[in-house]
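Across the two complexes that follow, chain A remains constant while its partner is chain B and subsequently chain C.
Our next item is the complex of A and B:
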């Protein structure tokens, strides 16, 4: 009786920290790849047709985090918008409809495949692997920041050409 | 069979393009009154014993390179959106040239001059549908300069603000031209989104216009004159109100002013497309929208002569009493 009670207490002690205070490995993985979980800030007003942002990405390895950060920069331009700062106004997202991703899921799953179409719309301005404050070890992997130039106008042209967004002059 | 299919397809595409083209609003960038006053580009005159100031756009565009540059930057990005803006400078030149031509042209036989009514003269003045009112100030902070800007796009006829953008550029030791370009790039996308929202609303709920009915003092009837409507005596103003309720998009309009001499209908939502005299569906403007109303007033039992004076795509005056 005493032995079985001890087993239960040990099992509870092992399970509690994971279920109450932590996340399962699957949860962490999906959070790292999620487009809901990233931070982006505008760095300065960039040259015509582009946006200069600092964007964070998560990944099990640093390289994975870099790839995710690039995807996040394009995702923010398309669906979330880029926040303003003291000397730059906020940029609204290319898609007005908050359900645009879900409405065109197949298209965007292809678009955001690693090394896929999205890569054409970013120029990375960070040299080499992020270090110091821009590279943090977090539970289950790394969180890194990249300074990225998004080819915003080209991205919008692509969405217009693929018939997902209307041009300003549509209907006239 | 294939040829028939191709012909049918071409016809369908042709029709859809014909019906799908609404009239493009004319957009113009204009320096704000505040900017003109601050920089001394104003003309002063006395009206009823009071000093009044009006912006002198000609002087501003001739003497201020910065405002020309700003207008040029804006023209550039609007052209990329396939929405070229009307140049204020060229419109002002055209007005001057036309005035000179009209005053110089005489007939060979009798030396008669071209007749031009005051209304024709007025029509020569630039009438944009959307005005981009731009204001900026360059502030100095030691060796550095900073540009604060304010761009407001508003509907010229309803005076409603379509898109407002204000902000302060970065503080830098750079030429003013560079800082102005930075300001334009900063608000560009936000500004375009404001315009896009306005156009989306227009396509969904119709174009918003203003219709004003006035009467010449020689007119036999006032808007309080009563007419027979289905066996009841109804004032002309009520009959016109009824017409608006039946012909606007979802019956949306507001009847703002009502006297014996003036009726003013604002926030009138008109459909973008109507039928022309051949019964074909075409894009219409305010003049096209009020045509059936004019016909109604001219016909039995009213027989009221009407003059139509269009003030642009978005505002029209119907003056009853004379044609």
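Our next item is the complex of A and C:
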């Protein structure tokens, strides 16, 4: 009895630091995977300093997919760039270096923590919840599209302030 | 072997085609307002003027914008006994240049050839949805540009051609009837057509020569109308031909909405307790109107399909007849069948008659067998429903050589509550007649009141929805019989004396099935 109690305590001690003080390995893995495959399109030319995109996210539940779509909008602005449209040029990513994420992995894992820093750089303009063909049931969950305004200039300023990207004025 | 392979490959092709069709049929919440022009077919007879004035008062409600074009009637000389052929209507519309009239109306083209996009922008703004308002708030072009949506509305221009025929007007018997063939056409509004139109657009700075050239170009343009479908309907009345014409129109419009997919309103569900969607009076939603709920499913190849989840009925209809602000008041709905409905699923208008047919058999009451018709007159967000009921009970008794039959027609109303969604408990009250007849009736001067008594009936019914639209029910009722006519009393008393016939007060039970449609 004493022995099994000890096992439970040890298991809890192993598990607690991961779940309380950061994302679990599983969560990090799923975060990385979700950044590998998502769609993003520019909706309209946005007001100055921002980008207006439609971005997709996947999740087991609709709410999870919404959270992921928000993260993807910021991820695209930082690392993938935003595609152009009839009346808008394509926007290159804030980070030119394709390894920028891996080089600052700890920083970005914290940055993209659910409800973390990334949320400050987006405004969701979807009316209510994703609906119609923007809310699709797929194998193993949901795929949803959100209309998101990305505070692109503020996001860049943040990266500059945190020393991850050179200031635009550098070199002039 | 080769044959088998060919057959298999053909089957595969057919299946692929079918899959492609499915993708095209995917429901979306992208409904846009349509506009309509009404044209009446004149036959060159005495009814022309009357039918035209009767049809002039017929409305499509708020759901449609009306395109007021000069051609409001076409003359096709033919006997009004039968409907005119569709080809004749089509050629008449071409001859009259109805497509061009519609375009001229949209662009408010005046006698000098000047055009304006004022109406387009106005209708565009009126059709804007909250999502578009929210999108425009973060985009550079802003809200003022939303009116340009009106250009998309031009392609939703329809012509509704009404051909009334086989009119019957018997003022002596107060019997009026009319049949209607309603043909629907849609304006073909391709990019090419619109480009041609813009080439003929006259600007203030254009010289008189340029104006003349542009007007000549406009005159040479053809804006074709495409035949969509035809619906047939009929109407009758005991008061006037006008009412019969109106009834036929109502029936035709109901069928047209079912036949033209683009006329069916779609919207997404924004909340589930209660179910709400941002549609209302502007989309012609009425209490009790039925909508089908769909969810969108994507397979691993990225193909989309929409699957039915269930049905709902509109309950509290919001007055949204104004330009959207981003915070439009939604209407409420009550789920009448199906699986769990979630936010973001799509509602699609799926009109029904809001009626149900009942068939029941029972014991103890006045009629061992009963059929009925019920109309849902109102439903609220908790599912409480008011029904208007029309029942006809049938029964009979015999003793020695005397054989009597009873027919018990009754009208009434019931109020149904739903403790859980599939269960309806409905107290009801009815009043009717108990009509007796025997084989000897032929020899007697017949007067209905002599052969009948009045019946009052109260009861309660518990229904269980087995599978939509079928319900099974059990019913308990108490009925009284009063004011019996002389022959009714005479024959019924004979039956009562031998333990048959209809007692003055009875209690009964019955079991039956109701099918809603």
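What we mean here is this: the second predicted complex is superposed on the first by the 137 of 172 C-alpha atoms of A that agree within 3 Å, B and C clash if a C-alpha of one lies under 4 Å from a C-alpha of the other, contacts with A are read in each partner's own complex, and residues count from 1 in each chain.
As a convention for this text, contacts are C-beta pairs under 8 Å (C-beta built on N, C-alpha and C of every residue); 3 or more make two chains touch, one makes a residue touch a chain.
Quantities reported herein were computed from a predicted structural model and do not represent experimental measurements.
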**OP:** Determine, for the superposed arrangement built on chain A, whether chain B and chain C clash or fit.
**Re:** fit
Original post:
Does chain B (first) or chain C (second) touch A:128, or do both, or does neither?
Top reply: second
Original post:
Looking at the overlay, does A:152 come into contact with chain B only (first), chain C only (second), both, or neither?
Top reply: first
Original post:
When the two structures are overlaid on chain A, which partner does A:46 contact: first (chain B), second (chain C), both, or neither?
Top reply: both
**OP:** Mind working out whether A:90 is in touch with chain B, chain C, both or neither, as first, second, both or neither?
**Re:** first
**OP:** Using the superposition on chain A described above, determine whether A:109 touches chain B (first), chain C (second), both, or neither.
**Re:** neither
**OP:** Could you look at A:161 and tell me whether it touches chain B, chain C, both or neither (first, second, both, neither)?
**Re:** neither
Original post:
More residues of chain A in touch with chain C or with chain B?
Top reply: C
Subject >> After superposition on chain A, the shortest CA separation from chain B to chain C (Å) >> reply: 6
Original post:
Do chain B and chain C touch any of the same residues on chain A, and if so, which?
Top reply: 44-48
Original post:
In their shared complex, at which residues does chain A touch chain B?
Top reply: 44-48, 84, 86-92, 96, 152-153, 166-169, 171-172
Subject >> chain A residues touching chain C - in the complex, by the definition given at the top >> reply: 43-48, 50, 52, 62, 123, 125-139, 143-144, 147, 149
Original post:
How about chain B: which of its residues touch chain A in the complex?
Top reply: 20-24, 77, 80-83, 165, 167-171, 182, 185-187, 189-190, 192-193, 195-197, 199-200, 203
Subject >> chain C - residues contacting chain A, complex >> reply: 26, 28-30, 129-131, 134-141, 266, 268-271, 278, 295-300, 304, 326, 342-346
